[in-house]
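So, here's a batch of structures to check.
Each of the next two complexes has chain A plus one other chain: chain B in the first, chain C in the second.
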Partner chain A sequence: MKLTYLAAGLFAAAAVAGPVKADKLDDIIASGTLRCAVVLDFPPMGSRDENNNPVGFDVDYCNDLATALGVKAEIVETPFPERIPALMSGRVDVGVASTSDTLERAKTIGVTIPYYAFENSVTVNDKTDITTWEGMKGKTVGATAGTYEAIWLEGQVKEWGEGEFRPYQTQADVFLALSQGQLDATVSTTEVANANVKGGKFPGIKIVDKAPMVPDYVSLFTMRQEYGLINYMNLFINQQVRTGRYAELYKKWIGEGEPANLTVQGVYR
Partner chain B sequence: MFDTALTSTDLIFLAKGAGMTLLVTAISVVIGTILGIIFGVIRYQIGPIWAAPLTFVLDICRSIPLLIQLVLLNAFFGMVVGLRWPGLTVACIVLSLYTSAYCAEIVRGGIEAVPATTRRAARSLGMTWGQDMRQIVLPLATRVALPSWIGLALGVMKDSALVYVVQVTELLKSTQILITRLQEPLFLLLICGAFYFIISYPLARFGGYLEKRWSND
Partner chain C sequence: MFNYTFQWNQALKYLPRMLEGALVTMEIALISMVIGIALAVLLTAFRLSGNRILKAIAQTWVEVARNTPALFQIYMAHFGIASFGIHLSPFISLLIGITFNNAGYLAENFRGALKAIPDTQTRAGRSLGMSAVQSFRSIILPQMLRISFLPMTNQMVWAILMTSLGVTVGMNTDLYGVTQDLNALTFRTFELFAIAAVIFYLITKAITIGARLIAARLFRY
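Moving on to the complex of A and B:
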């Protein structure tokens, strides 16, 4: 009797499961196009060149992923709040859009291992002798008031018990003060620091070290249930780092220096 | 005195966007008008009760915002049917149906404006229904319906700005891309408005010309 139930149960399960359906990975390869959600008002990750074509780290990353899959890449411009709705409404296949891998998001979408991390760097005036972040101890430092890095820096100054912290209204004010020597050092995201050092508006400043703050890890994403595609993208990110393409893209879009380490010490994933 | 980062490449980019707006509008207005005439005649001919299902569908097209129709139909084709149609196709389908829903009303109104006595006179002269429709109703109804139809076509041209949600880079989207890059919103919107005017004005004038010509004879 029990065996009959079991057989009937298995039969019902098989009937419900139905024929094996192709997953998203197969769909993308079959259709010949990979549609990526990319934010294009977020340089240097995504922006447009003078011919209004999409360029940036994320754009190149999407193109690399498409090349790996053997398909054509289609960049779908999505503002920040539209990244996940665009995926849910089937307008894109994956997101290559500097998306932080928060647990809240992971309830809705499937996120990969980090493909990039936004770190914070210490930028100093040339005339100071600061070479590491600890070198800021006892110096005059500043940052844009209210930002994550300003709160961290102010906390450090208090902890050291010497030196001075000065808040500023805008990022440009901070770099102007630094360039003029009113500040010895500042902490900002590496991308902003590089843009300001390269920009030439603020002479006499240089990036010396990374600040030991938890970086903002960002991931590729697709539909939550598409394990095949998520597995593929995880391996793809691994290969990008392994082959040196990650460092190459970092040098091309962000600047000199070591790209962020994408592993976290002391834990799997 | 006046300084802008806008280059000739960008103007060509905008012109391409305007071309896309024209293309989407032209396709949608032509298909929408043909469908609208068919739907309008059917609705008038078979009476309100039998036409109720058609009326209902057309009412849906008229009452749901175009933006939502575009997103939903695009998602439907992509995820349920499994077809990956280009955005332009989806945009033209939705805009055509939208146009046809309004056009059907205009056509119905036009036909109703032809005096019943005139039509009865035609039929009593031995004309068939087809002859009556073509030779009596068509010329009279067209004159009544033309101004509303021109208004509809101009409206569709401006509504076509919404097709950016299905990845069609038309005039307004091109402008937004340039605004993001150049940060000159007012100047760029001024140019965008000028482009819309350049493509709408001839149609409006042509409508005015036809109206004047037809009302004198």
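Moving on to the complex of A and C:
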């Protein structure tokens, strides 16, 4: 008799304790939906097609991750500055949002190994005489608020001690301002620069130089304490490269050429 | 579910920069109010004048300022004007946008205040030999400003809050712009914006209390 009570008690305790032990990875699998924060103002990584559907490299990565987990993907459009609020308030599970893995940010969020790396280019208004990145000294420059290149460029302007830096809220506003001549130059990822110069929506701009930054490694992110999910996503990124899916999506969204190397020589991870 | 550990010291070390931003915010709000009041008086005078063109200008201004979002007005002051080849800095664009909005709303406040002043006062002034302009300036205007003083305080508060829209035109020196810059750097979103909210609250509270004290002193009968 006593044993039955004990068993029942243990069972009850396990039932109560069970859901508490489940981590984010379990929650996602149980809910059947993976909600990704994706920036849809950042072609070719994320944008909308003619039918207003989300498309792009990041969108495909979210879909692949969901497929791997055996769940449905839900793309949650999240502008750059709202990625963290979206995660912390539980509106999204993970971020597939071209997020640079700075040490400062990693104090707040948990980042995976890099899943992509950007080179950055200097794009200028035709009417200026800027031909190299140093030519931006003393000019009015701008970039998309909250991005790695914006942080770099603002620091550079401070270091030069002349010129002006303006962060705009969206990539589209940056290129509009550049095309109008409100900005003399901008620094953006080469992918974005190419898409905008070729796109024809913003006349009178051209790419002149590469920005001398270390490659801008970007990571998937989730809550800092969700080791299970971070581990899973690390493996996912590894598998994407190993299976050739990384190269395939690079070709699909960015074009011909070699996708960036995601390893750093001479150090683990 | 809200899963976040607050680290206040990480955000509070940026407090001096945020307070500098608060100064810029107050500067913009103050300038936009001073110019806004002057413009609103002008618009009110336009409306009272018999001239049809002047009336139409005032009417259009008030209609656009009151019936479109402030965000749109500020955006147009930057990107809209630029398509005519006029390039304004974010500071000036924001200032123009808020001033435009202030002038529209204040003109409407003044109109309400005018309704509270009996017509007979103008007529009394005229029969004492004052010109139309004289009677407006010495009899109507002081009363109008007195009646609309507290609504003007509201607009001042609104102007402070509107500066946060400056980020859409590339402002990064005002309180909200500074906060967003720091957010991008550190991802300490909740701490930073909580601090910004408190600063905004303290500024606007100080304005409303200050205005009440001034009103009590100025408008004693």
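As a working rule, the second predicted complex is superposed on the first by the 156 of 269 C-alpha atoms of A that agree within 3 Å, B and C clash if a C-alpha of one lies under 4 Å from a C-alpha of the other, contacts with A are read in each partner's own complex, and residues count from 1 in each chain.
By our rule, a residue touches a chain if its C-beta (ideal position, glycine included) is under 8 Å from a C-beta of that chain, and two chains touch if they have at least 3 such contacts.
Given the structure is predicted, the values throughout are model-derived calculations rather than measurements.
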Contacts of A:105 with chain B and chain C, given as first, second, both or neither: second
Superposed model, chain A: greater residue contact from chain B or chain C: C
Partner chain(s) touched by A:176 [first = chain B, second = chain C, both, neither]: second
Touching partner for A:89 - first (chain B), second (chain C), both, neither: both
Which of chain B and chain C A:81 touches, first, second, both or neither: second
Which superposed partner A:72 touches (first chain B, second chain C, both, neither): neither
Chain B versus chain C as contact partner of A:165, first or second or both or neither: second
Contacts of A:147 with chain B and chain C, given as first, second, both or neither: second
Chain B versus chain C as contact partner of A:242, first or second or both or neither: neither
Contacts of A:252 with chain B and chain C, given as first, second, both or neither: neither
Chain A residues contacted in one complex by chain B, in the other by chain C: 89-90
Residues of chain C defined as touching chain A within the complex: 1-4, 7, 10, 78-79, 82-83, 85, 87, 89-90, 167-170, 172, 177, 180-181, 183-190
In the complex, chain A residues that touch chain C: 80-81, 84-85, 88-90, 104-105, 107-109, 142, 145-147, 150-151, 154, 164-169, 173, 176-177, 180-182, 223, 225
Of chain B, residues touching chain A in the complex: 7, 9-10, 13, 71, 74-75, 78-79, 84, 166-167, 174, 177-178, 180-181
Complex contacts: residues of chain A adjacent to chain B: 31, 33, 40-41, 47-48, 50-52, 76-77, 89-91
